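The letters A, B, C and D name the chains in turn, as written, and every chain counts its residues from 1.
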């Protein structure tokens, strides 16, 4: 099962989850205060594990790049922490914001002058350190994808504890506040201006849908600010769409590289025939964010010319599926399948689930890629795929079966350019902390030592050959990896 | 292991969880709208199961009383749904409310005239139907404990969906609103006036602490209104204390029966020595609600003469423990033990856990009862104890081991008057719906048929003899009931 | 689900497995030396547990009869240990043995004179103690079935250790030696002469097929003498058939009670259609023992007039099934089903298995009874049915589902007269020792104390009412007793 | 954790388990008839799987050697099937046999003339095919260890079905017959004469102790002839010792390579202090076979000068431990540990067990090697080590933890020269058939295709570097590979 010779194999990381771990790497942000908040910890909403005990990529990036290289990786998607670059407000830096008659932000101009002013506010040491990190990778002759936003917001833009106490009207409310759109655009322009030379592909943001879905419609997920409001979710979604579109434009001022967006896809499926129609609608809603930025038309934003054509490539994060069952005249999520399976057990389908309780469902990725290819005529990149599996029980199967699914989808025409595993090393899994181990490489968080899980060797075998060799094809078969 | 000849054996039930199931039994309340809310269901906060498909006690009470009698039960703790009696606001019925200089409600007088006005607002058919239910029980020569409040509030007092949308300032906010204290007192006076002849012991409320803890500090529990605010929790707690004290006084106007309160106890334990001190403080806070109403002094309410002596007996609901471990200079809840154990699996202690993931920990009940006896010189009644165990795998052990723990505590002086199991039949477990099966008696929710689980026979054996006979003592031993 | 008012509920026991446990109850026999043999223990063929540490029924029979009575039992099938009554050879007592031209024993006459001589050889104290045991039961107004042979042979007839060392030609070889037929007939005549007044129904022997199958075709079962020889199995089978027929005749000399035989039935099933024919043949072989004694014609013995009509009733022991699958041009036993399922786990059918690894398969009993009723026009009695389940996890289901299967078979015409559970108390399970717990009543083998498992209460409920009451019918449904 | 640069990494195979699978490779032998015997299959003593459906190494050896080479293996221990070379009796070839006054065979001279006569009886095509197989390996520059006997005997020497039917006196009885000693010596001389040029190290036999222990003391193991007799076991042991000593001498006539013996070691351990003494004695007995051939003194053979010094190196096969517990005044094997643990579950120690139910216990190997080094001043070679693990759940841990144990033992002075894994590919596991999967490489027995399990990649990593690299050291830690 051969992949094209220019197919990329690599991994993805984010700032908050990887950088901290050794002194001097800490950054205050909304997520920082959220996971340190005593009420959150006491209520069990967050784990109590702390990101400052993480894998310490900020200091140990060379080591991790060495390992990645040894595993045959030729691409990496990295992040940059907004709050690290701009620990203080950037509101006062003037830019031209154009709105339409409905108050939508349809254009933002960030002139060179503004970038100069931003330099004075920026932590330039941090910026330079990021340059060192990225350069170390680039000097190895590798591809680098830079993603600008992976969830933490500067505290001056979003204080979820204050929002909880005072309400979103009386505290910095993050993506509920349209000023976030403007500030993000400044940030994007600033980074593109400074770092474009190191970047092969840009992404504005990672999984915006998780931010507004978990944050405003699944309080039990432990995501900030953690209250249930469909309206808030819609508002945040709209602002994130605007933020993407405006950042896209800003980056393009300084770059001729493709600019994309990374989305948290899943396969949405119907348990029974009666649920099919509702599921089609759910899928349509799930595609809506990218649809809007691709075609300029969306359920949330309506017709927006200023959105159209703002996606040069689509980043696909895929982990599992959601299965819906008929419930009265609507549908509801079925427990025991997909993302709501028993942790470390078996889904009701008989398929194994991850430590996180995520059913392993590679068929969903194939179907999804075929659908996305039909939907957009754009290059696709798998920007996240992996599993929480501390003992590496199923990861070899997870890896190979999903690669085989990608290969099948490519056979059906999907224009997939590469596969970035989530992730190279264990890291800090948001509200879950260190319990969820997503690394090909195990990290001993006490000593920061790295150890290769067997799946890392399987990855290397495939990545270095750019194929699933015949003698590893059995690992795509669930029957070869589960007891009869 | 003999119990005193007047030791009560019985069961407890609540209106919302048991009454509905056949047409004509539905009642709108905050919980009703909460579990029907589509956003709640879609987000997975609530199960999607609906209370109108419940065990139908409203219609089938005679059948259940027959079963209870056949199992040797001689006591029952029942409820009455506030929203069923007063579907519309009672604000306009005037009563005298006295406040101190801090705005605390220290006295409420509900004159006969007010009761007459309330009669005009009340659903008297519902009241009469409750009379029939309770009479059916009393005519069997049994003891009846009536509890006035078991969580659902009339929608005119609490609309959690509106609170979520508009904030507690702009929607009926339940126990955050001191008017709830006044209206509850009217309700209590009204019920005592009408039903005292059937009642042997009064309870104002069941597990007020669950209302303010789950509702305001554990959003993931799926309890309304489901946001995290220590301040709101404290405010609700204070109002619930006031509500109890004023209802106590109001009932006493019409009754010479003992009036108590039922609390959700658990055993709070320290994993390590360093956590001991913090745990002592946590216990003190946990006892604070009842402390305040017993002694007039509490952390939350300070010194309140109008609280002192307002508890004639204490209702003890006990299911499991909470284990805390040192975390920095504080403590945090330890997962894998007590209420946060694997569902249907084993706690990290090696003890089995319920379908709900609640570790079976009978020692905690013994320690708790000894502590409560030392703390208050009051009669104690076990008002809830039981487990979610659909297949009746561990319930015989759960039942007997907890009865043995009670017996040991009585040997150490605890004045325990009886044991009310939660519950006779399967019922609607709040946000969890029908998945959690707490019945000695299985209910087929389709047909409403009742079936005895083996543990029902074990219960009968003990209740009819008022002892744990020697030939059943092994069931108190976890080793006899778990594979070696 | 009502049973006829004269339907018997009770239990079965055997001498070797129950009697010993307190000093003075030990008996030497082939099984005694077998389970004490150091090579057997060291090789793991037998457990190393010793029968002299058993439940001590010899001394505690009154206690067990009290419990049986309290559980509503009205019938008991008991045993008598041949080696206890005749510890020394009875060869020298002359009787008339008639053989046909093929050397078959077709008649044995045991005159009164021989019985007198046997009295001099017999341990009359033991005989009298058995009389006391049986009388204690009869005086309660209960039915008593006496079975003469339940596996242990006097050492002077069978020395399995010597057989192993020297071969069956040079050591007492038990049922391979036709003298066993003669001596057994003497024993039968002697017991019938002395104890018929206490007996309601006679059985000559229990599960003769297990003796020759496990003993000569399944060496891994740990049964004496434990070698694999189809010829030996056939020879032992023939002698056991002759022993039954001659004992039948001998008992009839002294008794007008019905005389039957108890057989280890199981349901033999085909996995695939191709296996059906072979399975029909396997069933025919399995029925052959009783067929021969009923009709006088059998595969093993050919036509034997002296066998015909020697069964007045059939004792049915049923535990599980055997599933066969096509294997080349024959069939083989399928692992993972029936008697070869994972211990304490689930059969591949998804049905639970006992601690012994026996799939719970009540349908097989229904089919079997219908088949037996069609095959013989005889009363049937369930003489054994039960499961090894130390923690009583599935026994309530096992009990009720098999009773329901019996009820269904009776509805189809099967003439079933009663149900004797295996067993009342935990006992010594042959090569497995004390690990396999078959009791409705748990025995603490240290203290000899008895404790009721919950299933005992379920049994009582049914036995005292002679019905499966509607409120316990759910226990016949595997779905009510296994997690979804 | 570095190994010496000349430390060997490789694998072991045996003829019966690997060669067959494609037409033309079948050989009749005692094991062949044993696993085909219908009574054995029907009784469940053997699996019913047949060796002619095996991995087909006879035809596919080049493929397997390619894989072995790709995994960094530089040594292989192979076998040669006696019955394949001599399908007919060799009794008539005269050799000089010298006996002492006790009838012991103390010398056998196999003159060149006898070798010529043997050539006429031998299947020279088979011999030449073995030469091709071994040459293919040697031409890759690898080390080759040839083992002469790995269990199957020619049917003319041992017919276990006939032994069962007629007794060992009246049928070819294998190692109970001293003629086997003589014929084996002829075979050894013949093979050494013909193949010594390809051999680096000789072994006379593999695990003789399994032959006499399983064959004569553990009938439930499904090994021929499957009856329990301590005397037979001792006799077989003595003859195997004589066979080794005489074969040693015969090989030395034609070879100057070291000649050793491979033994089935295990770590024998005491559960309680009282068992220690008995366990010391059990260990002494376990070492006795090799002791006798090393020192000339043994429990079984007494003082034998003709045995002394007949071991140049010791082959260590190690899988797990045996744990003994005090039982009366002796000891017995404790179930739940070592080789008698739950299949695919956890030993009572909490350690994982293989699909075969063998506890993973690497500490035992370390202790054993230290003991053997102290006992003999000889080079040691790990000639078998591996686990049945179809899904490769624990094999990476098994492999690395045992290599780490070897490394520790070497640090304590043990002279270990290499590590041969059992095995490269899945194969036919005797009475268990194909259920037990021991391969680093999975075999699809239908298609004969080979697939690398992840553990194969781990093996390669270590073998090619001759070290356990730091980044794989975690795989020696059971905590890294089992869920917390």
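The criterion applied here is as follows: contacts are C-beta pairs under 8 Å (C-beta built on N, C-alpha and C of every residue); 3 or more make two chains touch, one makes a residue touch a chain.
Worth saying up front: this structure is predicted, and the values here are computed from it rather than measured.
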item: Those chains which touch chain D and also touch chain C; value: none
item: Farthest chain relative to chain D (centres taken as mean CA coordinates); value: B
item: For chain B paired with chain C, centre-to-centre distance based on mean C-alpha positions, whole Å; value: 53
item: Centroid spacing, where centroids are CA-atom means, of chain A and chain B in whole angstrom; value: 43
item: Whole-Å separation of chain centres (CA-atom averages), chain B against chain D; value: 67
item: Per-residue multi-chain contacts in chain A, two or more chains; value: none
item: Pairs of chains, among all present, that meet the touch criterion; value: A-B, A-D, B-C, C-D
item: Chain C partner contacts - residues on chain D that touch it in the complex; value: 38-45, 48, 164-165, 167, 217-220, 222, 226-231, 327, 330, 332-333, 340, 342-343
item: Residues of chain C that touch chain B when the two form their complex; value: 67, 344, 355, 390-393, 396, 441-442, 444, 449-452, 454-455, 457-458, 460-461, 470-475, 480-484
